[in-house]
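The first chain written gets the first letter, and so on, giving A, B, C and D; residue counts start at 1 in each chain.
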Amino acid sequence: MITTEQARSVIAAGEARAKKIGIAVNIAVLDAGTHLKAFSRMDGAVLGSVDIALGKARTAALFEITSEAVWDYCKPGAQAPGLQLSNGGLMTFAGGIPLTAPDGSVIGAVGVSGGAVSQDREIAEAAAQALGA
Amino acid sequence: MITTEQARSVIAAGEARAKKIGIAVNIAVLDAGTHLKAFSRMDGAVLGSVDIALGKARTAALFEITSEAVWDYCKPGAQAPGLQLSNGGLMTFAGGIPLTAPDGSVIGAVGVSGGAVSQDREIAEAAAQALGA
Amino acid sequence: MITTEQARSVIAAGEARAKKIGIAVNIAVLDAGTHLKAFSRMDGAVLGSVDIALGKARTAALFEITSEAVWDYCKPGAQAPGLQLSNGGLMTFAGGIPLTAPDGSVIGAVGVSGGAVSQDREIAEAAAQALGA
Amino acid sequence: MITTEQARSVIAAGEARAKKIGIAVNIAVLDAGTHLKAFSRMDGAVLGSVDIALGKARTAALFEITSEAVWDYCKPGAQAPGLQLSNGGLMTFAGGIPLTAPDGSVIGAVGVSGGAVSQDREIAEAAAQALGA
């Protein structure tokens, strides 16, 4: 069960990295049941990226893998075409990462959107590391 | 345009009041266009109250009045029966309050859910006051 | 089939009445198939009234009666409890009126929202009269 | 904050271009928060294009770029596969353009649909220019 304190440290770590890069992003933290725990939109992030941050976190929590790893299952030629249409629509590019407890169990997920995809991934990774290696 | 710093001060003021009362709530902050700006679920708040906090804030932002004031328009015998079915469903009980700039213009709304309705209202009022009288 | 010119004259007549009253409203004009034909939000109308104007017009077009007349079928004690939940949610208070051709056939509907219910009704009636008695 | 007068001049400029080309289109104008401000369907435009015009405008407002520029992020081989499934579904082909104030800030968006895509783009550009170069 992810705590408020943990969710805030995840967001703080992500925002610190975003500021270092010099961009504005949304950071969403969900619990393992995909319910919203904490969210922050940095000043200047475009409105369309709010839903994408939420969607990346939801995708990562639903499948317990990164959002872009889900794409490997449904990309052209892969085994599960249309998988991205399940669950009301998945976000299948980088920026969503499961959050794990020290024992390795998934306790939630973080989703980042607002920058280039590689920037969103970097920020999400920095955010996820706030819970420990 | 509500800022991240303002949204955080709203949530912090609300959570301080909730802790004083001794309950766990969700606090949602939206901008004037009803887009999510910040959110926090305190440890122990029931899952069903996440959507209610968001809905109260959305209702207050859409109509620029408190969420319970919307009920006065659609309660039994009032002039607008079924108003609560508009906009994808409104939350028409206390806990949603418009947030205003010093010049009186609406810059967003806060929504609180998790306690008794009177507690949610008290917490939302404390949260809204973080932006000044 | 309602024309663009007719839809504009409906909106113009409604806005003229709204200005005379001194309020800001949304005016939606749909065709007989409930598809959007024209829409205008006057400066200052609250955001929540956009969907209500559309909903009143849709309700009037779907049943070929005023939006408040639908309420007579589903109000407490009436024969069709819950009717207002059909069609994705109806708006069952005044401000929606069918638009008719000179031969009496329904060619669409107008919906008004933004003022008090009695004001919305008055503006919708003025708007509908733009198509002739 | 886009005004009614501005929204009307956008629609008038777009319709003038559509008439010059000889086609019938829908033109939607949204505010910066993606809320409907004004809409017009020219006589003869197919019903399916109503939602497309609204969707193109919404896409442009959400990301503050043209609707077709969003496609560059999610087309086959690009970095954000499935981006078009976010925000309830985006319209990622030409005809949606952000509307800007003289200071460069985004105050809304226009969406055009009903003709060939290249025609929709030409009409949307003519419409957007109504607010100045």
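FYI, a contact is a pair of C-beta atoms (placed from the backbone, for glycine too) under 8 Å apart; a residue touches a chain by one contact, two chains touch by 3 or more.
Please read these numbers as outputs of a predicted model, since none were measured by experiment.
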Problem set entry | Distance from chain D to chain A - Cα centre to Cα centre, in angstrom | 30
Seminar exercise, completed: The distance between the C-alpha centres of chain C and chain D, rounded to whole Å, is 26
For this session: State, to the nearest whole Å, the distance from the C-alpha centre of chain A to the C-alpha centre of chain C.
Result: 43
Exercise. Among the residues of chain D, which ones contact at least 2 other chains?
Worked result: 33-35
Exercise. Taking chains as nodes and touches as edges, what kind of graph is this: line, ring, star, complete or other?
Worked result: other
Exercise. What chain pairs are in touch here?
Worked result: A-B, A-D, B-C, B-D, C-D
Exercise. If you look only at chain A, which of its residues touch chain B in the complex?
Worked result: 1, 3-4, 7-8, 33, 35-43, 47, 50
Exercise. Which bits of chain B are touching chain C when the two form their complex?
Worked result: 33-34, 59, 61-64, 76, 79-83, 85-90
Exercise. For the complex, which residues does chain B have touching chain D?
Worked result: 31-35
Exercise. Along chain C, where are the residues that touch chain B in the complex?
Worked result: 46-49, 51-52, 55, 71, 75-76, 84-85, 89-94, 116-118
